[in-house]
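Read through the structures below before going on.
Consider the two complexes below, in which chain A is the common component and chain B and chain C are the respective partners.
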Partner chain A sequence: MKIVVCAKLAPDASDIEVRSDGSISLDRAEWRIGSFDLQAIEAAVRLRDAHGGSVTALSAGPQRINHSKLRKDLLSRGPDELVLVAEDVLNGADTAVTAQVLAAAVRKIGAVDLVLTGEGSADLYFQQVGLQLGELLEVPAFNAVSKIEVKDSGVRIERSLEEETEVLELPLPAVLAVTTDIHTPRLPNMKEILLAAKKPVYEWSLADLELENAPEPRVEAVSLRAPRPVERKRILIEGSPEEAAQSLAGYLVKEGVV
Partner chain B sequence: MTDDKDVWVFSEKPALQAELIAGAHQLSANTGGQVAAVVLGARSQAEQAFDLGAQRVLWLGELPSGRLVEDIVPTLVAAVQDKCPFGVIIGATVRGRAVAGRLAARLGVAALADVLEFQWDGSALLARHMVFGGGAVRIDRPLASPVIATIGQGIFETGSLQAQPKGEIEPLPWVEPPWQAAVIERRSRAVSSVNLSAAKRVVCPGRGVARQEDLGLIEELAQALSAEMACTRPLAEGLGWLPRERYIGISGAMIKPDLYLGVGVSGQAQHTIGMSESRVVVAINKDRGAPLMTQSDYAVEGDLYQVVPALIRALKARKAK
Partner chain C sequence: MDFRWTEEQELLIQSLEELLQREAPETLMAELDARHEFPFKPWQALADNGILALGIPEEYGGVPADITTLTLVCETLGKYALPLGIIYSLGIITIRDIIQFGSEEIKAKVLGGFVRGDLPVALGITEPQAGSDAAAMKATAQIDGDDVIFNGQKMYCTLAKIAKYILLMTRDAQGTNPYASISMWLLPTDTPGLRFNILNKVGWWTVPTYEVFIENARVPRKNLVGQFNSGWPQLMANFEIERLALCAASVGAAEAALEDSLSYANRRVQFGNPIGSYQAVQHILTDMAIKNENMRNYIYKVAWMMDQGQSVRHEHAMCKLYVARAACEVTDSAVQIMGGLGYMMDHRVQRLWRDIRLMRIGGGTDEIMYNIAGPQLLKHARKS
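Right, the complex of A and B next:
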C-alpha cells in the first residue's frame, strides 16, 4: 500500500508575541510539525508496518520549512521519504491553494492508495485541507476518522461524530483526516533519528508540479491581532493550604459565587 | 430571478439550522437578497423552515437509507452552479465541515472556517475567526464567490426572527455521487447529557491531576460548589478520563459561567479562549508563573492535593454555619 501523509510545518502558537499595539509577531516562534499531524504520521506508519508498502510524508509551505531539523523530525517518526514543496511566493496560502498544491504533489507522487491528514493544523486549525484535497483528487474524503482497517476491497473506517460512531467501507484511493486519539504518536528513538538522515528528501517547486502560476488566493487576511485581554484582579493567594483555602472561600463568598 | 444576493444555509441539525437562518439575515440585509434554507428531511421540516425565518426553501428531500449526509455534495454543487447564490453558510459539525470543504473545493473557493462574526466594510464582506489556537483574531476577506463559511452552535441567536409566509418549496434535483461509502454500522456514543454552557459554576481539572482516581477529589470539590465538572482537552482526548463533551476550549465547549475554577490547568490559549469570558476566574496551581495564574482573579499557589481538600473543608464549614 502506498500511503502519503500530509503534515503542516507551522509556527508554534505558544511562541506568539503580542506587541503593545495588539498586533502579533511570529518572528521568534519555533516551527514544528503540527501536533495533530503526528497522529496521522503514526497511523500511516502502522498501516505500512501491518500491510507493507511505503509512507511518503508531504509538506507544503514557505522556504523555511526546508530546514534540516524539521526534515529529520518528520523522517525519524517512520516515513520512508519526504516531499517538500517550499516556495515563498505562496506565503500565507489559503486552504484552497494549499489543497491544490498538495493535490498536484499527490498526483506527481503517483499510484497513491491512501492519503492521511491530521484533524487540523496546529496554527490555523481550519480542519479543511484533507476534505478539499480529496475532492480535488476526485476520491472519497472523510474527516474525524478514529480507526482504519484494510479490507480486500478498500478500507473500513470508524468516524467519531458528535453523537455517534459511524462505521463505513470505502474504496481506495481515499483521503482520510484522522482524529487526535487514533494512536499515540511514538517518540523517535536514536536508531530512527540516525536512519532519518539517510532517507530521501525530494524538493519540488511549483513548476515541477506543473503549477506554472501560483494558484490565486481565494481569501485575503485583512488583519491579525491578539484578542482583547479581559481585565482580571490577579490576587495571588499564598500560605499554608488551610490559610489559602480559607482566604479563597472568603473571596468566593464576597463575589457571590458560593 | 437572479439569486446572486441570496444567502443559503444548511445544517443537518435542525437547531443549528435555525440559528444559521437567523445569522444569515444579518448578511442578506447587506446583500439585499433573501435567506434560503437548504433542507434535508421530511416535507414538514421544509415547511417549518419558513416559520424559522427562511424566505425561500430549497428542499433536498429525505435522505435515502444507507446514504450519508455528505452524499448531498454533488447536488449542492450543481444547485450552487445553477443558481449562483452570494454564499452558503454551513453548520460546523463534523459532517458540515466535510460538506463545506468538499463544496468549496469543487467550486474553487476556500471555506471560511468557524466564523464568529461577519462584518461589512463598504460593499465587501469580512469574516472574523480565531487562529493560533485562540491566540489571535484574524479577519479574512473572501476574494472569490460564492462565499462558503462554517459556523458553530451558539454564535447566532434565534428568537427575534419573524416567521415568513409559507412560499413554494423548491426541490433540488438529486445528483448521484461518483463514489459511494457503504454504511456498515452506526452506534450512538454514550454522550453525557452535560450542558456546560448552561452551568453557573464550573470546576476544571487539568493535567496537574496525576491519576484518574484522583478525579474523585475534584468531583467532591465540584459538589461542594454545586458546580459542573469540565476538563482540559488532554484529560478527555488522549487520557480519556472524562467524556469529550466536557472539555473546554477552541475545539471544545465555550463557556461563560459565574465561576471558573481551574485545578492544575496551565492555561494555554487553546483552552483559555473557551473560558475567558467567565465572571470570576480562579486558578489553583503549584507554579505561580503558569499562564492561567496570571489571567485569573484569584490565583492560589500550592499543591492541589493539599489545597483542594482544605478548600472542600472550608466550603463545608461555611455551609454548616
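Right, the complex of A and C next:
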C-alpha cells in the first residue's frame, strides 16, 4: 500500500507573541509539525508496518519549512521519504490553495492508494484541506476517521460522530482525515532521529507540479488580532446550592452573558 | 564558540521531554515518593523509547551517543523526574565499567538487559569503615576452584536488592598497596548468602538504598570484571562521568525549582501585589537564575572536554563541588520563595530540596572534591 501523509509545518502556538496593538508576531516562534498531523503520521506508519508498502510524508508551505531539523523531525516519526513544496508564495495559503498544491503533488507522486491528513491544521484549524483534497483528486474523502482497517482491496473505517460511530467500507484510493484519538503518536528515539538524516527528501517547486492554473485563494485574510485579555472577576460564590445558583445567575445577567 | 546543540540533540530532548510528561508526570512522581516506591513503569518507558540504549555499543542493542548528549539526557531527567535522573546517573558508572572491562558473556547479559529495561547494576563499594576512604574496604573474595566466595558488608548500596546485579569491590588482604589489591566482580543479587537491610534516608525515597551483608556468597570465577587486583583504577576510570551525570541531574532539578519559584512569585499576592514585584524576591530569583546558568555552562564545558578526549581530572571535581552546592542553594531558595507552601509535603520544591542535599555527599563529598582538585591545581601550576 502506497500511503501519502500530509503534514503542515507551522509556528508553535506556544511561541506566538502578541504585540501591544494586538497584532501577532511569529518571529521567535519555533516551527513544528502540526500536532493534529502527528496522529495521521502514526496511522500511516502503522498501516505500512502491518500491511507493507511505503509512507511518503508531504508538506507544502513557505521556504521556512525546508529546514533540516523539521525534515529530520518528520522522517524520524516513521515515513520512508519526504516531499516538500516550499515556496514563499505559499506563506499563509488558504485551504483551497493548499489543497490544490497537495493534490498536484499527490498526482506527481503517482499510484497512491491512501492519503491521510490530520483533522485540522495546528495554526488555523479550518478542517477543510482533507475534504477539498479528496474532491480535487476525485476520490472518496472522509473526515472524523477514528479507525482504519485494510479490508480486501479497500478500507473499513470508523467515523466518530457526535452521537454515533459510523462504519463505512471504501474502495481505494481515498483521502481520510483522522481524529486525534486514532493513535498516540510515537516519540522518536535517537536511532530513528539518526536514521532520518539518511532518508530521501524531494524538494519540488510549484513549477515542478505542472499545475494547469496557478492556485487561486478563496479567502482573503483581512487582519489577524489576538483577543484582548480580560481581567478575571475573581468572584467567589458561597451559600447553599440554591442560593449559589441564584447568585451565579445574577452575575451572568449583570455581565451580559445571558 | 558555539553554544548550540545539534539538531539531533534538540530532537532527542524534545522527544524525551514529551515522554516524561506522558510517562512520569509530576503527580505520579509525587505519589511514588510519598509511597517510597521505585518508578518501575517510567523506567521501563525510558527503555521502550530507546533512552537507556544511548551510549551502549550497537552490538548489545545500543545507539552511539557522546557524553554531551548523555549530559543533556540526565539534565532533562533531573528537571522532569529527578529520581529517574538519579537512577540513570548511578547506572552510568557501573554500566560503563561493564562496557570497558566486562567479558563478552557479562556484556551480553548485562548490557542487553539494561537496554531492555533492567535496572542499573548497583555499586558495592562503601563499607561501614570505608566511606570517603574507599580503599579501606575489607570485603573479601576467596578463590575456590572455578568459583569465588565473597564475605563482607557493604553500606549505602543504592538499588542493591531490586537490581539484578551488584558490581562488587573486594580487597585482597595479602596486598600491601590497597589501590593495587582491589578487584571488581559481577554479583547476581539472587545469590544465596546475601541479606539486605533497607536504610531510611532524608530524600531519594523512590530510590532505595541498602546495607548488604555478604556471607559465603559463591559465584563463578568468570564473574571477575577486568583484571584481578585492578579494580581501583577500573572504578576510577568512570567516576568522572558518574559525577558529571549526577551534576546534570542536579542542574535539571535546580531548573525545576526556579520554574516553580518564578511561577509562584508571579501568582502569589501579598500586600496587594504579586510577591515577584518586590525587589527582595527578585534578587533571590535572579541569584537562582545566575547559579543555574553557571551550573549549566560548567557541566556542558566538562562534557565537551570529555568528548574531546581531554583530561578533566580537576575540572570534574570542581564542577561537582560547585554544582552540588549551587543546586542545594537554588532548591533552598525555592523553599524560601514559596514560604509555608514550600515547606509542605504537597509541593515539589520540598522534595527537590531533600533529594538534592545528597549530591554534596554521594559520588564523592564536597571535601573529597577539594582533595581531588586542590593538588591537581598545584601540580598544573608547577608545570607552567
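Basically, the second predicted complex is superposed on the first by the 229 of 258 C-alpha atoms of A that agree within 3 Å, B and C clash if a C-alpha of one lies under 4 Å from a C-alpha of the other, contacts with A are read in each partner's own complex, and residues count from 1 in each chain.
In this section, a contact is a pair of C-beta atoms (placed from the backbone, for glycine too) under 8 Å apart; a residue touches a chain by one contact, two chains touch by 3 or more.
Worth saying up front: this structure is predicted, and the values here are computed from it rather than measured.
Enquirer: Tell me which partner touches more residues of chain A in the superposed arrangement, chain B or chain C.
Expert: Of chain B and chain C, the partner in contact with more residues of chain A is B.
Enquirer: Is A:Arg225 in contact with chain B, with chain C, with both, or with neither (first, second, both, neither)?
Expert: In the superposed model, A:Arg225 contacts chain B only, not chain C.
Enquirer: Please work out whether A:Glu135 is in contact with chain B alone, chain C alone, both, or neither, and reply first, second, both or neither.
Expert: first
Enquirer: Touching A:Lys72, do we find chain B (first), chain C (second), both, or neither?
Expert: second
Enquirer: Could you look at A:Arg28 and tell me whether it touches chain B, chain C, both or neither (first, second, both, neither)?
Expert: So A:Arg28 meets neither chain B nor chain C here.
Enquirer: Which holds for A:Asn189: it touches chain B only (first), chain C only (second), both, or neither?
Expert: Second partner only, chain C.
Enquirer: One more residue to check, A:Lys254. First (chain B), second (chain C), both or neither?
Expert: So A:Lys254 meets neither chain B nor chain C here.
Enquirer: Check chain A for residues that touch chain B in one structure and chain C in the other, and list them.
Expert: none
Enquirer: Which of the residues in chain A come into contact with chain C in the complex?
Expert: Touching chain C from chain A are residues 68-69, 72-73, 76, 187-194, 197.
Enquirer: If we count contacts the way the header does, which residues on chain A are in touch with chain B in the complex?
Expert: Listed in rising order, the residues are 13-14, 16, 24, 94-97, 99, 120, 122-136, 138-144, 156, 159-171, 179-181, 184, 216-227, 229-230, 232-238, 241-242, 244-246, 248-249, 251-253, 255-258.
Enquirer: If you look only at chain B, which of its residues touch chain A in the complex?
Expert: Touching chain A: residues 68, 70, 73, 93-95, 97-98, 100-102, 104-106, 108-114, 126, 130-144, 178-179, 181-189, 191, 201, 225, 237-238, 240, 250-251, 258-259, 268-270, 273, 276-277, 279-282, 288, 293-303, 306-307, 309-311, 313-315, 318 of chain B.
Enquirer: Within their complex, state which residues of chain C touch chain A.
Expert: 7-8, 10-12, 15-16, 18-19, 22, 49-51, 53-54, 63-65, 69
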